[in-house]
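Both complexes below contain chain A, partnered by chain B and then by chain C.
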Partner chain A sequence: MPKRRHSGLDARYSRTAYLMLLPAIVFFVVFTYLPIGNLLTTSVHSGPQANEFAGLGNYSRAVSDPAVRHAFVITVIFAVATTVGALVLGLGLALLLDRPLRGRVAFRALLLVPYLTSVAIVGLLWRNILDPELGILNRLLDAVGLPEQQWLVTSPLATIIGVMLWQHAGYAMVLFLADLQGIPDVYHEAATIDGAGPVRRFRHVTLPLLAPTTLFVSIISVITGLQAFGQAYIITDGGPAGATDLYVFHVFNVAFEARDFGYSSALSFLLVVVILAATAVQLRYGRRGEVQY
Partner chain B sequence: MSHKQFSRRDVLRFAGAAAVAAPFATGCGAGAPASDAGGAFTVYWNAGHGYQAYQQVIDEFQKAHGVTVNFQKYQWPDLRTRLLADFASGTVPDVVETQGAWVQEFAVSGDALSLQDYVAKDGAAMEFPDDWLPATVARNTYQDRLYGAQMHYTCSLLLYNKEMVGDTPPSTWDELLTAARELTTGDVYGIALNQDSSYAWPWLLQNGVRFYDPSSRRTLVDRDAAVEALQFQADLAHKHKVSPVPVPSTDYAGPQKLLSAKRAAMIITGPWDLKPITESSPDLDLGIAPALRQKEQATISAGASLMVPTKAARPDLSWDFIKRVTALDVERAATREAGMLMPRKSWAGLPEVQADERTKAFADGLPYAVDYLQDLGPTGKSGEIADNLFKQLYQSVVVQNTPVTEALAVFDAAAEQALAG
Partner chain C sequence: MGRIARVLVYVTLLAASAVTVLPLLYMVSLSLQTEAESLSASPVLVPRTPVWGNFVELFERAPFADFIVNSAVVAGAITLSHLVFDPLVGYVFAKFRFPFRDTLFVAVIATMAIPFFVKMIPLYVMMSNIGWLNTYQGLITPFLMDAFGIFLMRQFIQPIPDELIHAARVDGASEFGIYWRIVLPQVRPALAVLAVFTFVFQWNEFLWPLVATTTEDMRTIPVGLTLFSQEYFTIWNLTAAGAVLLFLPTALIFLASQKFFVRGITLTGMK
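Now for the complex of A and B:
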């Protein structure tokens, strides 16, 4: 008898729980899973209205398309560079601001501001700063007697990587800083007693304990890098001559310049597959460095 | 009188149902053109063309038809993105302002409504096509049927700083190069090329190049002339160093800003830059010269047309809106307000057009202005070839100084694929 009452209660709790979850479930179905289903359907069609069945034609075309290959390679370079940069800069800044410096709270806030700013505003800001004729950066170089530069012409990809790092390094810094402050001092004290210097303590105590955060930052950075769009759209328009034709920007142009929604849907789905694969690989190998003391 | 008591579970049920319903309700209403509900009439417009003259038309249109005009303004790239998304979803605006060869592109794809029947009925009253420059009819026609009505019709000319250039501006490429060399000193350039690839076309047209030859299905013919025109522009920036190297971006106002800042003596642009120049540097003694001549005197025509999507809910209302906006007195008001050029022949003869030195200079350029997309438009591929592939070619040559033949080989392969698809 009591068992039955429990079972009835469980069922009622379950119903209530599902009822409470229903809005979230409906939201994800309507705004995430149905569009993904629609994307898959569209990806096997072609034509301006995406109404001619093309089978897997769009996928085989994507594999042999040199423009797609070019965009993919550029995007991988972008994602790897921004990920490595975010890890190095984020950790470096966190180590710097983990010390008892005056005004460190203000520095932390200042470093986080770019991350909280919209990519459109960041793009417009840097586009104006980097303008070789009217931008402030060349005026500053000129004022101190250095030669003026044409970053967006001579090294456009490196430039937008730099802008991306400027925007995102603060976020990585906050994550690393939180983790650094969670490491008990006793580990460092024990290592010091055992004769470890600062470098060995950093390498054998701090870094292993930061492994979960490092993994998280690298996964988020790779995904953000592979999905980057605004930097190419706003700062360089993909130029010059496709030098910053990031994958999602390329997909956007296939859809809205060439008006090939079927092909752009196939390209989008392939990106989802690449992101899932990259994340799986990172999870598989990234956990190896984790330790428990 | 009995009052039903709501249990906590009832409240949760209502809350859950409301939460589920909310996304549907907002999803149906937000952002979608509401042309088929509540008397709303949706118009997509270029953000730079929101003149008071058109607002007055909208006010009268609302009063006449009892509708509320939902006047949405976008930059051209955003307008195209929004419109293509609308075509895909089937929920379209009632009237759209378009540029370039969009009307023909959308006629080919079946997304633009033919206005032929409306013109057959009302053409005489609006003096169409007799009072309209022939090019403005041709660029809105596909397979002998009209799909758009020209609203603005402009061209690009040589704008220069009279204090620097003097009263005799260059009229040929050689003269321009000579003048630019003399004027390039310190941080001042003789000329500023635009990063927008459409600004390459006055040079190409002056050298007799056509974008597309329908008979041979080849692009950029005559090829030698195209190579020469592209190389000349690259040389201005890289060999002679009389122009800054254009910086790729979505902003085409760079040269205008340099002219306004007196850092460039000459630029090639259209009347859309007059207002920013006047506002940012009222002391600039601005001159407007006729287009340059190489093999021929030529420049690009530009401008905006109005079209009605095929799935528009009330095409009769859409046509009435177009008639009102393209009326001569509205054109006149827009010219007075913004100096914009118009497609009617009678507009060019108006006293205010003839009396205004700047407007007249551009009006005088219209007879030899060429729609460089006129043969490419009917292929339905102008979006990909002109906006995407040619942009890459131009940037490769003029920005990166890649040998023209090398860059053309890449362009040819991609353009052939686009035309075949």
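Now for the complex of A and C:
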């Protein structure tokens, strides 16, 4: 008897639960699952209205398209470089801040500030600073008698990687710092008593404890890097000569300049596959370095 | 730590902070320079007299007032919507038992793995078909809720004792009353983090407003400013003035709530 009453109550609460969930169910169906279905459908069509069935034509075209291959390669370089950079800078700065320092909170804030800016600010500001003739950097170099630099011409990809790091290193720093502050002192004390110097303590105590955060930062950085758009759109316009034609920027142009929705949908879907694969690989191999204390 | 090591730490931190902050300070300086100063061969780091008129001229050259209103409406509405729906959905997943709960939860959480960029083209086509391109609803609706926010709120609501909710039910409280008067007050700090984070991210959002607006008067500040600067390529002092206006609200929120920000970032790393 009590059981029946219980299930009756459950049914009533189930109705309440579904009622409260209804907006969310509608939202995620309409704005996530339906679009992904549409993306897949569009990706097997071609023509200006994307209504001529093309089978896997767009996909085979993508695989053999040199411009797509080029965009993909430089985007992978961009993502890997920004990830390694964010890990090194983020961890380095966090280690510097993880000690009793006067002004620690202020330093943390100053280092985090670029992360709060819109990519529009980052892009416009650095395009201005780095402009070959009118930029403040070259005018300064000129004023003190040093040769002017053409970073956006000679090493455009490295330059926008640097700009990306300028914006994102602080984010990694905050995550590492929070993690470092959570490590109980006894671990380091125990290692010191066992005769471990600072380098060995870092390698064998700190790093393994930071493994989950390291993994998280690298997954997020790779995903963010693979999707970078504003840097190319605002600073370089993908140039010079396609040197910074980041993948999402390339797809954006295929969709909204060339108006080829079928092809651009296939290209979008391929990037999702790459992002999911990259994440899966990192999870698979990253977990190995983890330890639990 | 030795004295030399201490000095080295400070010098490194000061140098790193200079790299992050000086470009932004230069942006502020540039926004107050005359056009001649902003382009002069002998570089100007601090304007002789601040030209506040740049901010006036900006509003005359571009519908900047529209940009500000659009940004505020869009980011404000999305933030409000997150505050309404993320905790409600999080609460249902945390405290109710119903058929297919886990399946639905996974279906919601899985959307975190879908980058927005992937939805860009189909959403554009959809908005175009229903005539929502270049409208507020077109800019707002794709971001009404967020799987991460839902996940976060669920994590915060879970520790609330079930007995509290059962006791309220026995006392005859309505389901919504329980949510509103018992659950929400317990997670107020988490709501503040959610609000601050959502607002700043939407205020800064670039890709969707770029794609989904077709006329100048519907653009948000990031998009309006970028297209303005493409049009007036060399008038950098005005572009910088626009960038200052774009950054000002974020900077103020950050100053007022650094704690919430840092907390929000560490929450994104929650495992």
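In this text, the second predicted complex is superposed on the first by the 290 of 293 C-alpha atoms of A that agree within 3 Å, B and C clash if a C-alpha of one lies under 4 Å from a C-alpha of the other, contacts with A are read in each partner's own complex, and residues count from 1 in each chain.
In the analysis below, a residue touches a chain if its C-beta (ideal position, glycine included) is under 8 Å from a C-beta of that chain, and two chains touch if they have at least 3 such contacts.
All values reported here derive from a predicted model rather than from experimental measurement.
By the touch criterion defined above, A:Phe256 lies against chain B and chain C together after alignment on the C-alpha atoms of chain A. By the document's definition of touching, neither partner reaches A:Asn51: not chain B, not chain C. Judged by the touch definition given at the top, the superposed model places A:Pro156 against chain B, while chain C stays out of reach.
Within the superposed three-chain model, A:Phe31 lies in touch with chain B and with chain C [touch as defined at top].
In the superposed pair of complexes, A:Ser60 makes contact with neither chain B nor chain C.
Between chain B and chain C, C touches the greater number of residues of chain A.
Of the two partner chains placed by the overlay, chain B and chain C both lie in contact with A:Ile234.
Of the two partner chains, chain B is the only one that A:Leu22 touches; chain C does not reach it.
Across the superposed pair, chain B and chain C both touch chain A at residues 16, 20, 23, 27, 31, 134, 233-234, 255-256, 261. Residues of chain C touching chain A in their complex: 1, 9-10, 12-13, 16-17, 19-21, 23-24, 26-27, 30, 39-43, 45, 85, 88-89, 91-92, 96-99, 101, 104, 107-108, 111, 113-115, 117-126, 141-142, 144-145, 147, 150, 175, 179, 200, 203-207, 210-211, 221-223, 225-226, 229, 234, 236, 239-240, 243, 246-247, 250-251, 254, 258, 261-262, 265-266, 268-269, 271. Listing the residues of chain A that touch chain C in their complex gives 10, 13-14, 16-18, 20-21, 23-25, 27-28, 31-36, 38-39, 42, 93, 96-97, 99, 101, 105, 107-114, 116-121, 123-126, 128-129, 134, 136, 139-140, 142-143, 166, 170-171, 174-175, 178-179, 212-213, 216-217, 220, 223, 227, 229-230, 233-234, 248, 251-252, 255-256, 261, 264-265, 268-269, 271-272, 275-276, 279.
Interface residues of chain B facing chain A in the complex, by the touch rule stated above, are 9, 12-13, 16, 19-20, 22-24, 27, 80-81, 84, 87-88, 109-111, 195, 244-245, 247-251, 254, 257-258, 261, 263, 380, 383-384, 387-388, 391-393, 395-396, 399-400, 402, 407, 414, 418, 421.
Touching chain B in their complex are the following residues of chain A: 16, 19-20, 22-23, 26-27, 30-31, 48-50, 67, 127, 131-134, 150, 152-153, 156, 233-242, 253, 255-261.
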